[in-house]
Every structure is written in structure tokens, then in C-alpha cells.
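Okay, so here's the structure we're looking at.
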């Protein structure tokens, strides 16, 4: 999980919109966007552990394994979470809750380049 | 699960927008917003039962348990559902389906104050 | 799973918006909208197989079974995925990733008429 709250907040600040919405979209089907607890690193560790148990790499159920044991599981993990987020902008800032962070969650084992589109509107 | 359809509908009526969208955002990571069947109370009971079996309180997998056995499970349940909803406004009304209700789903055992932001736009 | 990318793209083209967002909403609680891998048909087969194992028809946990063994499971599968999608419009087109398709996922066994609302805005 990669915390993208800072980068998205910066983008919102530059847009100079007082009240509106911020939409973040991930152009991939083997990674996710989530709003996750942002204080204790154990939360992300537990989230990974849970997801890995629920949708394990190498599950014999899966036939789509061209790119390896983590191929289909990464698509399932993506479907069970989200590919886009819409968050209010209030007083010119991303109005996340006190404990909410915005994360890009990579579901493949190897690192990948991932493309996001951020849209703000009022 | 708390039915918030009425309150959000009232907000939409007051906004006097004929065609547009209504965005509802929950500022927390241990509760969710869902569009759930609104007729039979057993649906909510079954939803709770399923989620509790899928992500049980006290699961020894979890290390983030500072606030109790339901701490990390509530974050997982939140990630597996949603923190925001966007619903069309048609003819000045929230255009939910016949059987769709908007619910705030508390995942902690004890009651909490929860903050929502509702945004309407055309 | 029914691929609705073509129909939604056509709608976006007709709207003649260069930059904006496209919102698709499903007015039902026993079907879903998902952004799924669009190249290998095995992905959809695997997705169905996984979901059927995670939320099986006829699970004795469920009490809401008036409409049959697939009644409550379809509501759960809907909650674990999504009822709406918001995707950027860039250069007048739906800006999906190279491998992303937009799908309506029927969770009931028998076919149903399903209603969608598509909203575009800039």
C-alpha cells in the first residue's frame, strides 16, 4: 500500500477550489484505491494478511494464470475493493476524516508502473 | 445498519436540483455506506451474519487490536464495502431503485458518533 | 458478466464532452457494476467461480431465501462489489485503462431486466 494522500492533497490545493469533489481513478485491474486507517502501520500489514488469506496466490480454483500465481488473485482483490474514490473538498482541502488516508494498493508481487487520473470539480 | 435514505432524500429535496448527482461521504474507516435491499429486515441480519463470519472479531490473524477484538475487523469490513456513494438525482429526487436503500453500516460493537458529508451538484 | 463498455462509450461520444466524468448507476441490489480485465474470458469465469465459492447459493447461514437459494447470496455479492462507477472522460472518450472493461454482473441465476442510469458532466 502506497499512501497517496499527500500528492492528491497538493493537487487539490493547486486547483484552488473551495467546495467541491475530488475524483481519483486508477487505470488498472490488478491494483486498488482504498481509504484506509492512516496511523498504525499494523493496519496495512493486517489488511495485506487478510486479503492474502481470502484470495491466496496459487489458488487452484483459478485458470487465468498466464502471468503467474498472483495474476488472477490480483484481479479478484481489485474487484473486492475499488478502482476509484470520490472525496469532498471543503475549505479548499481534501476533507478526509482524521484517520483516513488515501492508498494505492498494489496486488501483484512485482512492482508495476501505475497510472492515476485526478479530477477536481466544484 | 442505519437507514439514511430519508435524511439524504430530504437534503436532495431542499437543494432543488432537477437533474444531477448526490454524493455521500463517510469520514471513518470502521464503518461503511452501502446500497442494500430495503424491504425485508432479514437481509440486514443476513448481511451482518455473513460479514461477521467472513471477518470475525478476535481473528488471531490480526495484530492491530489496541481498541479491542473488533478493531481491525471493522477496518477490513469497511475496505470490503464502501465509504462513499454517488446516486443520480432525477426529477428532483434521489433516483434509487425500488428496492434500494442507503445505509450507514457500523462495524464496531459500541456505538460511535459518525460524520457524513452530502454534496449535490447538477 | 455483460460487457457494457461499448454502450457507455457511445453515450459519452454523443454527449460531446471533452473533459469530465461519466457516472454509471445500477438500480438493483442483486447485480453489480465492476471494472474487470477485458481480454481473457477466463478472468470472468474465475471471478464467477471465486464469488460462488465465497458466497455460495444455498448457504444455510441465510434466512432471506423467499426467492430461492440465490436470493440472499446475490445481495451479498452486490455489497462486496459495486452499484455505481465513475470514470474520467479525456479527449471526448471514456478514459479506461488498456485492460479495463465496464461490466454489469448479474448475481441471480435467472435473467432479469436491469436498469442503468448514465450521467456525464464536465
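In this document, chain identifiers A, B and C correspond to the written order of the chains, with residue numbering beginning at 1 in each.
Heads up, the rule we're going with is that contacts are C-beta pairs under 8 Å (C-beta built on N, C-alpha and C of every residue); 3 or more make two chains touch, one makes a residue touch a chain.
Fair warning: this is a prediction, and the values are worked out from it, not measured in the lab.
Engineer: What topology does the chain contact graph adopt: line, ring, star, complete, or other?
Structural biologist: Shape = complete; every chain linked to every other.
Engineer: Examine where the copies chain A and chain B touch and state whether the two sides share over half of their residue numbers (same) or under half (different).
Structural biologist: Mostly different residues.
Engineer: For the sequence-identical pair chain B and chain C, determine the rotation angle of the Cα superposition and round it to the nearest 5 degrees.
Structural biologist: It is a rotation of 120 degrees, to the nearest 5.
Engineer: So the centre of each chain is just the mean of its C-alpha atoms; given that, what is the distance between chain A and chain B in Å?
Structural biologist: From the centre of chain A to the centre of chain B is 19 Å.
Engineer: Which chain A residues sit where two or more other chains touch them?
Structural biologist: 54, 80, 82, 86, 121
Engineer: Inside the complex, what are the residues of chain A that reach chain C?
Structural biologist: So the residues of chain A in touch with chain C come to 23, 25-30, 54-55, 61-64, 66, 72, 75-76, 78-80, 82-84, 86, 115, 117, 119, 121.
Engineer: Mind pulling up the chain B residues that touch chain C in the complex?
Structural biologist: So the residues of chain B touching chain C come out as 20-21, 34-37, 40, 42-43, 45-47, 49-50, 53-54, 80-82, 85-88, 90, 95-100, 121.
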